[in-house]
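Order of writing sets the labels: A, B and C. Residues in every chain begin at 1.
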Amino acid sequence: MPANHFIDLNSLKVEDWGRLVDLAERMRENPEEYNQCCRGKILATLFYEPSTRTQFSFQSAMFRLGGQVIGFDNPGTTSVAKGESLKDTIRMLAGYSDIIAMRHPLDGSALAAAISSDVPIINAGDGGHLHPTQTLTDLVTLSIEKGGFDGHCIGVCGDLWYGRTVHSLIKALSCFNNNRFVLISTKELTVPPYVREVLDKSGCEYSFAETLEEAVPELDVLYMTRIQRERFSSPEEYEAQKGVYVLDGEKMKRAKKDLIVMHPLPRVDEIAVEVDSDPRAAYFRQARYGVFARMALIYTMLSEGLNVRELREGTHIEPGKRCRNKRCVKAFEFDLPDFVHQSSDGLVCGFCEQIVS
Amino acid sequence: MPANHFIDLNSLKVEDWGRLVDLAERMRENPEEYNQCCRGKILATLFYEPSTRTQFSFQSAMFRLGGQVIGFDNPGTTSVAKGESLKDTIRMLAGYSDIIAMRHPLDGSALAAAISSDVPIINAGDGGHLHPTQTLTDLVTLSIEKGGFDGHCIGVCGDLWYGRTVHSLIKALSCFNNNRFVLISTKELTVPPYVREVLDKSGCEYSFAETLEEAVPELDVLYMTRIQRERFSSPEEYEAQKGVYVLDGEKMKRAKKDLIVMHPLPRVDEIAVEVDSDPRAAYFRQARYGVFARMALIYTMLSEGLNVRELREGTHIEPGKRCRNKRCVKAFEFDLPDFVHQSSDGLVCGFCEQIVS
Amino acid sequence: MPANHFIDLNSLKVEDWGRLVDLAERMRENPEEYNQCCRGKILATLFYEPSTRTQFSFQSAMFRLGGQVIGFDNPGTTSVAKGESLKDTIRMLAGYSDIIAMRHPLDGSALAAAISSDVPIINAGDGGHLHPTQTLTDLVTLSIEKGGFDGHCIGVCGDLWYGRTVHSLIKALSCFNNNRFVLISTKELTVPPYVREVLDKSGCEYSFAETLEEAVPELDVLYMTRIQRERFSSPEEYEAQKGVYVLDGEKMKRAKKDLIVMHPLPRVDEIAVEVDSDPRAAYFRQARYGVFARMALIYTMLSEGLNVRELREGTHIEPGKRCRNKRCVKAFEFDLPDFVHQSSDGLVCGFCEQIVS
């Protein structure tokens, strides 16, 4: 299934990431050069669950390229509400647009869409599974703010167990040289086994820290995320721990002068507002870089195309194997092939990458 | 009331339909030639009830012409919700836009809007009454896929009693030569008397079929529509009949090699998914042709204008006659003139075309 | 805090109002000259409460300048619903757009947004506080329809106590020469003391009228607004008075030939529909002029910038003073400075202009 879809960052070669990041930077430096390069093209933004920020970022990107946008953010008012299948919706929209960015609450839905689509699909978040344009945005941010992807000490802080953004970032940065990770969280919320395996295989150094305070001094990059209150083991634990993972002016005093603080946004209270005025606070700049990341992606897909060999490496059909993930697109959408592939955990569903049985 | 509004396909001469269809085909073949021809113009899409598909089709059409779009699909969040009259909303929007495409749940609402509007109105569906851009789309499809409007054997299948799309298509095709219709439905759901009258007057041949299977072999065109479960005379009847009006691979084997299958979409289960990959399945292409149909319409209305002699032929004012249709715009909107006209059924309301008393 | 934001008409000099009005008129006369002047620019329309009319007016304005628009009208489907602060939403959007038009239910919210924004903010209505683009629209209307801002007899009718639009218009017109006002309302709903003070200070003549009928003959301009039923002192009072403040054809007969009738729209029943066809009914034209007013504003802010010396004259920080207004943005948004300024009523909150204590 070689195709010009952006479902998973890992279906591209690392050098292709670099090419997208370089293009994003050129677009930032010379916006006028690109402001008509998608003229006459239409992006459809299909947001089956709302995400203002991501949708605005895509819209802004397409407009900065001279293109146009159709789309919905409110599937309650669409034919989707009338029981139309994802496949039919995609086939219809492929007739109205030149490229589709889709956000959907089901794991694997972006791949399911790609199978039916005559136009390129961009995964703008498929359930708890992947959100590759966020990771591309993070790479653009590192390139602009830190000059590259090698030799950094990167702290990741917050809910590392569920944090899809953090997992993807670690996977991506473990492909480069001499990066070191500090995993800052409670013991219960540290990274899941498969992320440690990625780190072990890549040979990256990593260590654990239970407080932000102890970790901060050595970091070049601090990637903050939110811990939802209900993820703590008890209300008492929440009360005891709540300040430990909040970045404030006091903790910033202990940090390097050239640290950058990143956050996928929206933040709630895990970064004190006083930090916003610190020049090392890069998160609002990061949101802006996301527009250039998406511009580079859209333009590449609409011109030369992405160099994707397989949407998911090693995918094949193995009938009789069933995905048990209730949030997988296979549980809702008929007529999808029984894709599976081998992962380090065993045989997994080709859509949601959960173990099949 | 001669005017540049597109309320009813029948307010145009048949040769003007041909002109629109030809333009749609030229726009499909040479999109670059037209991609700036509505630059600086604004289309307002007023969708008082949601219809993603139709709205996207209009948006895409306007963008492909280089124009812009404003509009709503969610009247709950508009001043409409504050009790503003249709007339005032239209007059306001006519100040903000150059052309308006309106969908509204009330019969006759498009004509009511046209009366108050300083800019051209396109009827994008007025209740159960008319949906002329769908019929224009169907004509474009026949022209592209079958080379013209004459000499076809056309099967129409499903709910022929309520199916506004089917009625309009039959009315339109009965104006051409040597077409033959096969009306495929249960006895209860066959076409209403006025449609038979149209057929009789036109001299078109037609026959009835109670199963898709028997009808399929002779067809050049099969127009599928959905039968809602509650339209069958009883649950038992539904169970007994449900497969009879479903098009599947088996039935397709009995069909001509150059049959085309059309459907206004969204489909639910009246066409099996396996049919989608058959090249004779034209319904997704048909959705795409709808963009060109709407491009041709918008461009014509914004440039030379439509050649409409009367919005509804023979319309005059006859005070004292009252429309009893509770879904007619006259029951909701004040200050509308008491339009009536003669139909073959008797004197009908000029807005909804139901008998007045 | 000198800045290129449009929060309050009074933060501009009167001669700058004239410059905006003149530009709006030139744009109306030569639309082609301006239809690409904001090409490549993006307006974000943040409507925290719906207002179709105002939002469409802004969208139409930006499109007529060749620019693009992103935005929401339904904060329920945005990250705002996830508890994001206004400040963070604004900072994010400032990264995606070049200028922001914001409508928000809280008094003072536009100023709060301006404090955090890297791009120009336009106040498209902040609670019951200000709606300066409406007043700018009214000035453009007077200029086009009456040739200028001096020497008019202006009747304002309806709910003068709460009518933010009317207060702003009186404040604005009191800066010009030889205007005379007739305040037409019940005694209970006449203008609040601060508006009388503005009138007294300016030296403008003014008088009171309890019926529209008595006032109409002397007017050059009649500015109608709606009285909500619940604003009458009792249901009996409402019944007794309801026709008194409705403009109809009968009352129009008593008016000057060159009167113009204005209304901010939507109207409910305070102007009879029969008046719409009177050429003196200027309210739908006024809605259209609003597009030119906003075009002039957006273009000025994106090119040379507004000549704002202070967002609110005399504003300073006085810690310890508290705003008691429960609809003030200060009651909801953290980290806002304790702005206050001196008004004729005493020390007021710098955001909502209510008395602080």
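Brief remarks follow.
The rule is short, and it goes like this: contacts are C-beta pairs under 8 Å (C-beta built on N, C-alpha and C of every residue); 3 or more make two chains touch, one makes a residue touch a chain.
Being a predicted model, the structure only gives us computed values, none of them experimental.
Taken pairwise by the contact criterion, the protein chains are fully connected, each one touching every other.
Look at the contact of subunit A with subunit C and you find different residues on each copy: under half of the numbers used there are shared.
Centre-to-centre spacing of subunit A and subunit C amounts to 42 Å, using the average Cα coordinate of each chain.
Within subunit C, residues 74 each touch two or more of the remaining chains. Interface of subunit B with subunit C (complex): residues 40, 42, 44, 68, 70, 72, 74, 77-85, 87-88, 91-93, 95-97, 334-335. Across the complex, subunit B meets subunit A through its residues 31-32, 35, 50-53, 56-57, 59-60, 63-64, 66, 73-74, 265-268, 273, 276, 284-285, 287-288, 291.
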